[in-house]
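Both complexes below contain chain A, partnered by chain B and then by chain C.
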Partner chain A sequence: MSAPAYVRSRDNSRPRSRKSIALTLLMLLFVVYTLVPLLWLVINATKTQPELFSSFGLWFGSDFALFDNIAQTLTYNNGIFVRWFGNTLLYVVVGAGGATLLATVAGYGLAKFRFPGRRAVFAVVLGAIAIPGTALAVPTFLMFSQLGLTNTPWAIIIPSLISPFGLYLIWVYAAESIPTELLEAARIDGAGEFRTFFTISIRLLAPGIVTVLLFAVVATWNNYFLPLIMLSDPAWFPLTVGLNQWNAQATGVAAQPIYNLVITGSLLTILPIVAAFLVLQRFWQSGLSAGSVK
Partner chain B sequence: MTTLSRQQGLPIPKPSRKARRDWRGWAFVGPFMAVFLLVFIAPVIYAVYLSLFREQLVGGNAFVGFENYLLVLSDGKFWEAFLRVLLFLVIQVPIMLVLALAAAMAIDSARLHATGFFRIVIFLPYAVPAVVAVLMWGFIYGGNFGLAANINDFLGSEVITPFTREWILPAIGNIVTWEFVGYNMLIFYAALRTIPTELYEAAELDGAGPFRVITGIKIPALRGAIVIAAIFSIIGSFQLFNEPNILKPLAPNIITSYFTPNMYAYNLSFAGQQFNYSATVAIVMGVITAVIAYVVQLRGSRKEDR
Partner chain C sequence: MTIKRSSSGIRRSAAAIVAVAAISAALVGCSADAGSSGGSGSASDLDAALEKGGTITYWSWTPSAEAQVAAFEKAYPKVDVKLVNAGTNTDEYTKLQNAIKAGSGAPDVAQIEYYAIPQFSLSESLVDLSQYGFGDLKDDYSASTWGSVTSGDKVFGLPQDSGPMSMFYNKTVFDQYGIEVPTTWDEYVAAAEKLHAADPTKYITSDTGDSGFATSMIWQAGGQPFQADGTNVTIDLADAGSKKWADNWNRLIDGGLLSDIPGWSDEWYKGLGDGTIATLITGAWMPGVLEGSVPDASGDWRVAPIPTYDGTPVSAENGGGGQAVIKQSKNPALAAAFLKWLNNDPESIKVFLEKGGFPATTADLESDEFLAQAPEYFGGQKINEVLTAAAKDVPSGWQYLPFQVYANSIFGDTVGQSYANKGNLNDGLAEWQKQLVDYGNGQGFTVNK
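The block that comes next holds the complex of A and B.
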């Protein structure tokens, strides 16, 4: 699926713009600011715990302990990190996958059908974006605990299923990229609405769907507040809550610092999501451009 | 195949069919709305319900009307937390948005080498979980083995002290800016790409310089994106929770249990079991946030009319 026509390269159409070294250098400063913490993380994931304290932060220690650290991270406490990784994957696949499906189908419905209550749906969902998570978190927890859902995966998955931003993006995207005449033609041919959707429309929506999916994946992968309040059993923790618990081990009465594992675990946590962004950047960048048209 | 049947002159649906009440859209929107009601609308209603009651030692749950609201509005801890996030927002949000705007314009200007590289690298922190971002920066700030410690050792004095009363807010502001500047940059960049090239050509013919192009074409075209980014940043600041809560073990005496309104609500319910009062704090913050977001949107769109 190619990018929409209006996302064209303008660089070619303005040959007179000269490249500026000064501007490039200025932006390099920005890049340094962005990369220093990540670089720090990568470098310090190669150090043993004593060396964390004894060597300079932005350079390697005398031992290269990265693989030791990874092995320790994966096996510490009977491999709880692997369990957290699995939990995170579960929440992402079901939560973000479900959120994308619901947002895509509903966004398409809002864009391509005129039905009673359509305006009300739109107003309520857009209004919901302005509701702070704060106002929802505690009542959601109390409600879920009445329903017996707390401390189960459902407490994380169900709230992750709703992405008002995703709905909005697909709505804008569907209005732009699916010609109404095409749908009418399919109707005349006798295709059912859902068949039309799954055979024709979904392909035209592909860049928008990838964008929504990617942002839903990030939101679920990085989710911290919700699992923090919903879960008390470490066996259901996602990586974010688990890592913070490891970090908290360093303080308190029976302090058992495992800084090297926290650092290596952090690195292992961000690698998949950063990789996904880099590999899929062509898709989400064109999808975002479409969302900003309105 | 579909175009073929239309060329053969098959009838196009008559307007009368459209005029009928058409419920088919609900088959698509229904599932989303069902879950939406459960996770958005129901908790809001439940929170309002909770805020009208109070758990009492004698007599159990008693209806108290708006008493909880009066208590919140005269609660010094709540206002201290509120003023802290307000101060945070007034300083951090403009800095972040101006940086994002500058980066977006630089990347869009076609005067930069390797634009794709800059775009993706500056956006990268958005993909880093807040927990990892705060842990990283927390280690870097830290006096044990962080970069701050390295620099202080080098200079032989305590120059960089992020975990003090004066510097904790800037330290948190730096983490939040690092996390979200690239995301906002991308929103602005996407909006800049939609400006038609002809506009630039016309400006060039009229002899407009780069500064005039920015104030005359780019900023007006970005107005909608700026309003949206500002609203999201304001909501994010009022909700500030992850960063101070994760930093708390590193600076336990400075980051209190009511450092931000969100932390206050959280600690009221999970440490203090004061669910009714906690729900009231959450609602008051929600209303304030919604009102401010609404005002920003109104002011933003009024400027657009000019």
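The block that comes next holds the complex of A and C.
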């Protein structure tokens, strides 16, 4: 029975199905690799501290303590977690939002206007992409401390505003997706440069902007090293540094392990970024297809 | 998950970079203004400062800090102490080092563990408190802790807690397999073999290479591998004591008798609860951790003196630390007054003890009330009698390196390899020494020359 089916489908589907088995397996493997830590996180967020130590890691314990854990996470140490959450939001909205705005304006300008020094700017931007942020962290720290900005939110926001990669992305995207003829037509019709930018270009750039925004939001949300060295007062910590401080509490003299709160806190920390990705992804996809019809 | 792992690696190397920059800069400063560190304060300044009041910042991660600060502010309403948890141990030292290097942002008073004090005192970052008459407080503290915060006549801090080493053992496991409580290291190794043979899932202890533990064990064996006199440093991790410990511990490594569960991990806490880890050789502050974080094992654990090499009681300090006044402080007299209250006033120490701390003050170590405590958790054993006896058996003369924080950070890459490969600890110690000598000389110290 299987033989005729095999023969019949041979012509059109055999090459495709042969390839896709390997690919599917690979994808499955990757899905497992990606989802198991998430699964672990969700499962273990439902356990109490003693149960974390006494039950199997990838299955639920006897008690379902998720809501209790969440309540504890939000209230532990006078609700410092909520404060960290607010700090992270502030850094993301101002830092990542500002970075996207600056990258869009600058990238567009570089792509669509000719002026002396363009090549120099190009070299600087490319060079900036090549330097890892970690290498700049210490000089930035010393500079900021001379300015008296360490241990303030500005120490996180100002460096987050600069996104050479985002600028480059917008630059390339603008060069490809905004026809110069369109801008010339707008100019001939009497529109000023700002009006052209806000009514025409920014719409064409939307998919690129969303991409840059997505990158910037994720980068700022996960920002760890910069706040670690810039901030000493937990009142300004973002979630990443704060959770690590909770984690470090389990070590040494007078250790107070609160692994259940670290785990539940981590779960609460990734929820907004997962939501942001799902929401923004839709814009991203629709934007990509919008540019393809020409 | 992967992001977190890599970022901690980055953090460690970058922290080392920051600390490097700070030390070298500090050494330059050290030679420039050496001799002017006497200061101009006096004991009467402390009362005046408390009377006048003001605001100071205090960095600490001890659980007792909040209650102590509240009690202090109640006693001295004019003083406002801003308590900041700037991180636990190395996290805090990195921030402190950075702030000192940057010239601003350091607290007035900071918690610093004993092993890290030389790093900050040698770089002239701490106020010499002898100007406020702190030298007179010597007899209030156990000899080993006082030695850890002083250098000659200079007093760089006041001890808060101490960690004389003892052996914590799981009596239930010992009874189950008919194991006698070991008093010498030979007996300890024999007990390790017997336990592991009887139940291969159980181990005498877990050790994957911990710098604090190793240095304390060398201390107990009579070693003095680190000697520092100003910027002249001698490192000899092959001295008699170091070798004695390494040869002893090699037996456990070779026999596969050590659990490879990393200390302070969730698995480790689990192992302490279910008998997988049968003993802990550690500081006297451990009962608080066991009671607070391994509640399931209540009644299982007991305390015995640390095993010895030849039957003569001898211990060492493990962990613990004190508080110091940072030179950047704009109000050092007030900071010193707060520090004196924090680690010398009975009211403050009472709060500290209530939170499960193990004191460094002789009055408390010897008080009948303290010695008579018989916690349920330890089956009603008077554990403080064992723990305070250990405090008296700590050999004097031990020193940490003036770059011990860095030294500890590379312990895993050197000695830790001997653990991982079941190699010879002496080789690991030699490699550690080699890297420390290179590093020290590169930082402007004169090491082994």
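Note that in this section the second predicted complex is superposed on the first by the 255 of 294 C-alpha atoms of A that agree within 3 Å, B and C clash if a C-alpha of one lies under 4 Å from a C-alpha of the other, contacts with A are read in each partner's own complex, and residues count from 1 in each chain.
Note that in this section a residue touches a chain if its C-beta (ideal position, glycine included) is under 8 Å from a C-beta of that chain, and two chains touch if they have at least 3 such contacts.
Note that the coordinates shown come from a computational prediction; the quantities given were computed from them, not determined experimentally.
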item	value
First (chain B), second (chain C), both or neither touched by A:150	second
First (chain B), second (chain C), both or neither touched by A:256	second
Partner chain(s) touched by A:97 [first = chain B, second = chain C, both, neither]	neither
Partner chain in contact with A:138 - chain B first, chain C second, else both or neither	both
Touched partner set for A:109, first chain B, second chain C, both or neither	first
Touched partner set for A:233, first chain B, second chain C, both or neither	second
Touching partner for A:56 - first (chain B), second (chain C), both, neither	first
In the superposition, chain B vs chain C on chain A residues touched	B
Chain A positions touched by chain B in one structure and by chain C in the second	37, 52-53, 134, 137-138, 141-142, 222, 224-225, 229, 248, 250-251, 259
Chain C residues within the chain A interface of the complex	1, 3, 7, 10-11, 14, 17-18, 21, 59, 61-64, 84-89, 91, 94-95, 98-99, 101-105, 113, 161, 163, 264, 266-267, 269-270, 273-274, 283, 285, 288-289, 292-293, 295-296, 319-321, 355-357
Contact set on chain A toward chain C in their complex	37, 49-50, 52-54, 134, 137-138, 141-142, 145-146, 148, 150-151, 222, 224-225, 228-229, 232-234, 245, 248-257, 259
In the complex, chain B residues that touch chain A	1-3, 5-6, 10-13, 18, 21-29, 31-33, 35-36, 38-44, 46-47, 50, 99, 103, 106-107, 109-115, 118-133, 135-137, 139-140, 144-147, 149-150, 178, 182, 186-187, 190-191, 193-194, 197, 200, 225, 231, 235, 238-239, 241-242, 246, 249, 252, 261-262, 265-266, 269-270, 275, 278-279, 282-283, 285-286, 289-290, 293-294
For the chain A and chain B complex, residues of the former touching the latter	6-7, 10-11, 13-14, 17-21, 23-24, 26-27, 30-31, 33-35, 37-38, 40-41, 44, 52-53, 56-58, 102-103, 105-106, 108-110, 112-118, 121, 124-125, 128, 130-143, 158-159, 161-162, 167, 182, 184-189, 193-194, 197, 218, 221-222, 224-225, 229, 239-241, 243-244, 247-248, 250-251, 259, 262-263, 266, 269-270, 273-274, 276-278, 281, 285, 288-289, 291-293
